[in-house]
Amino acid sequence: METSRLETFADGVFAIAATLLIIDVSVTAPGAELGAALKHAWPQYAAYAVSFLIIGIWWVNHHAHMAVIDRVDRAFLFATIAMLACIAFLPFPTRLVTQHLRDDGVRAAAITYGLTMTAAAICFAFCLLYAASGRRLIAETADQRTVSSLSRSVIPGVSINAVATLVALWSPYTALALFAATAAFYVLGSSLFGRG
Amino acid sequence: METSRLETFADGVFAIAATLLIIDVSVTAPGAELGAALKHAWPQYAAYAVSFLIIGIWWVNHHAHMAVIDRVDRAFLFATIAMLACIAFLPFPTRLVTQHLRDDGVRAAAITYGLTMTAAAICFAFCLLYAASGRRLIAETADQRTVSSLSRSVIPGVSINAVATLVALWSPYTALALFAATAAFYVLGSSLFGRG
Amino acid sequence: METSRLETFADGVFAIAATLLIIDVSVTAPGAELGAALKHAWPQYAAYAVSFLIIGIWWVNHHAHMAVIDRVDRAFLFATIAMLACIAFLPFPTRLVTQHLRDDGVRAAAITYGLTMTAAAICFAFCLLYAASGRRLIAETADQRTVSSLSRSVIPGVSINAVATLVALWSPYTALALFAATAAFYVLGSSLFGRG
Amino acid sequence: METSRLETFADGVFAIAATLLIIDVSVTAPGAELGAALKHAWPQYAAYAVSFLIIGIWWVNHHAHMAVIDRVDRAFLFATIAMLACIAFLPFPTRLVTQHLRDDGVRAAAITYGLTMTAAAICFAFCLLYAASGRRLIAETADQRTVSSLSRSVIPGVSINAVATLVALWSPYTALALFAATAAFYVLGSSLFGRG
């Protein structure tokens, strides 16, 4: 299979998963109290924005990695599908977090969010390390330094998400702030210093 | 990243956000009263049509702007993702407007609609002004007059939406009529006088 | 705008509208009665199949028509968006028909279904007649006989749907059978005698 | 119609059907019991993963088959649309299985799942056998051995699903395990021994 077909399918899943997040944004109130209810519901908008941004970052990273790959085999294909299944799962923990942000369920919700992210990061790391091992699926024209740099970058992706998930055991709010801050720093950092 | 990949992703979000609007169109009535209930629910169809059309206009404009751009960097990419997050948010205020069109909540609903549109317009303006500044991301072949004309057109986009949002503070119905009328005039105007 | 971008967007809306139909297929019953409830719910599967097929036929026809067109202007673009808004609306009357197939609401549901189809057919006819008038948007290489044949085929599309909608005023079940039969005959006819 | 357009449409339906599965993953519990409720809900995650994987496998197989086809006619087109309608139907029996995994409804749910899969496999087999008969739609460059091998592979696809559906009459849990195991073995087998 050409990599372009895989990218089209992945683009579809990324776009749909991000856009479906809006289905769970919901505020129900009598007319006279709608204004106050909309203000009170800010965690819903924040969660929508953070999860949309995280899916966007994954989409950007997925393309950066696919740029050095010029063929795929079945193992790579199914590892990518597993990663996409994790990304498409994100609307569920996002909904849990917004529903339980103000009650005791926030810990379980934040852990679910973290486990989903960690699982996606592990699948993603597997994809790249599998492809890069012995340059199995790497394009001839790809610079080895670029490939090495991408390979090195996937391990911190797993670690950061795994650590934030562990943090959620003690302090779910800190963990959620970590997810949001990591996404925001990534966007700022790569916008200011990143490659095109 | 090539601009074509960004356009494919954006096309996906535009198409999904528009098509998801139908999920919120819902009429529940006993069989004998269904006809009357369907007539009474006209604001739902009107809101569906206006929001679908507005998303369609954004899609058309996004392509017109991408036509002069031949490369993207990370800042442009994430500003586009932020704009798409605003567009994909539109089903939520659309739902609020139809649910509260006949009660006191209409003001808060119209303001939410307007803030969403204004935020999208600001992201969109940022994208184009960032790309056009010093022709940072502009294709060599793009005529400077076309670029300048596009750059000038994004500021009224912000202003119109911001003004309509302010109008919603006093008269939500006038604001909603403004959003619908702006979309209708845009379609008529660019169909009669616009470029292909 | 190139026609290929419009086709990509339209493909997205067709695919999403068809796939969203499944959201409304729903059977709720205690475990012991699930089998009977699933059999009783056959109108839901029939409506899903017919609407999915109808959207598929529209997608096929849209491509057949786009094949003779090699440029689009704003009027054509917005007429296409209006047609897509009608197609994306179809899950709503489909849901109404299945919910009210066995009560008095079936008439209003069938009329809503018919009006949606008729509106889509009118937009579609406008698109093609507008493009074909003076060969405004027709590719130089397109055979005039093909264009004329396509132009002639859009008027029956409007008539059939309009007639079925009128029939729904007297006999909603006949009208629904007409929609299903038209789709089935179209598939059989064009499969046996149609062009590739 | 070019095969590339059909593939784009099919890719869209596959991606949307898979991503929509998350809408049905839902856990509602008071905050203090959320952790326990999330653990208790493991069948939902398992069903999500299996159905997502199965849709992914169909997508991979669909591309493998389209690779030997270089033109489509109306019969092939509508048979593909029928297959996509079955795939897009999968979220419904997936939901039934998770809702009734622990009650008497599991038999009816597993049979519905199996019938959906069997119907999809029959449509898929029809597509390939129709295309391969007399090399009706097969690319000139396609090796006859590849075509024969693909043709032979679609019949077991029907058989396995039909047998698993029959098994569900006696033991729904065995049938569900068969669906999951078939998918897992397919992924492992084709990853270890398969072609790229």
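As written, the chains take the letters A, B, C and D, and residue 1 is the first residue of each chain.
Note that in this section a contact is a pair of C-beta atoms (placed from the backbone, for glycine too) under 8 Å apart; a residue touches a chain by one contact, two chains touch by 3 or more.
Because the structure is predicted, anything quoted here is derived from the model rather than measured.
Colleague: Could you tell me which chains are in contact with subunit A and with subunit C alike?
Modeller: Both-contact set = B, D.
Colleague: What's the rotation angle, in degrees and to the nearest 5, for a C-alpha fit of subunit B onto subunit C?
Modeller: Resulting rotation angle: about 90 degrees.
Colleague: Same or different interface residues for subunit C and subunit D, judged by whether over half of the residue numbers are used by both?
Modeller: different
Colleague: Would you kindly say which chain has the C-alpha centre located farthest from the C-alpha centre of subunit D?
Modeller: If we average the C-alpha coordinates per chain, B ends up farthest from subunit D.
Colleague: Taking each chain's centre as the mean of its CA atoms, how far is subunit A from subunit D in angstrom?
Modeller: Subunit A and subunit D have C-alpha centres separated by 26 Å.
Colleague: Note the residues in subunit A that touch 2 or more other chains, in rising order.
Modeller: Within subunit A, the residues that touch at least two other chains are 8, 12, 16, 20, 23.
Colleague: When you check every pair of chains, which ones turn out to touch?
Modeller: A-B, A-D, B-C, C-D
Colleague: Subunit A touches which residues of subunit B in the complex?
Modeller: 1, 5, 8-9, 12-13, 16-17, 20, 23, 71-75, 77-78, 81-82, 84-85, 88-89, 91-92, 96, 100, 103-109, 112
Colleague: How about subunit D: which of its residues touch subunit A in the complex?
Modeller: Against subunit A, the touching part of subunit D is residues 7-8, 11-12, 14-16, 18-23, 25-27, 29-35, 38, 48-49, 52-53, 56, 59-60, 63-64, 67, 187, 190-192, 194-196.
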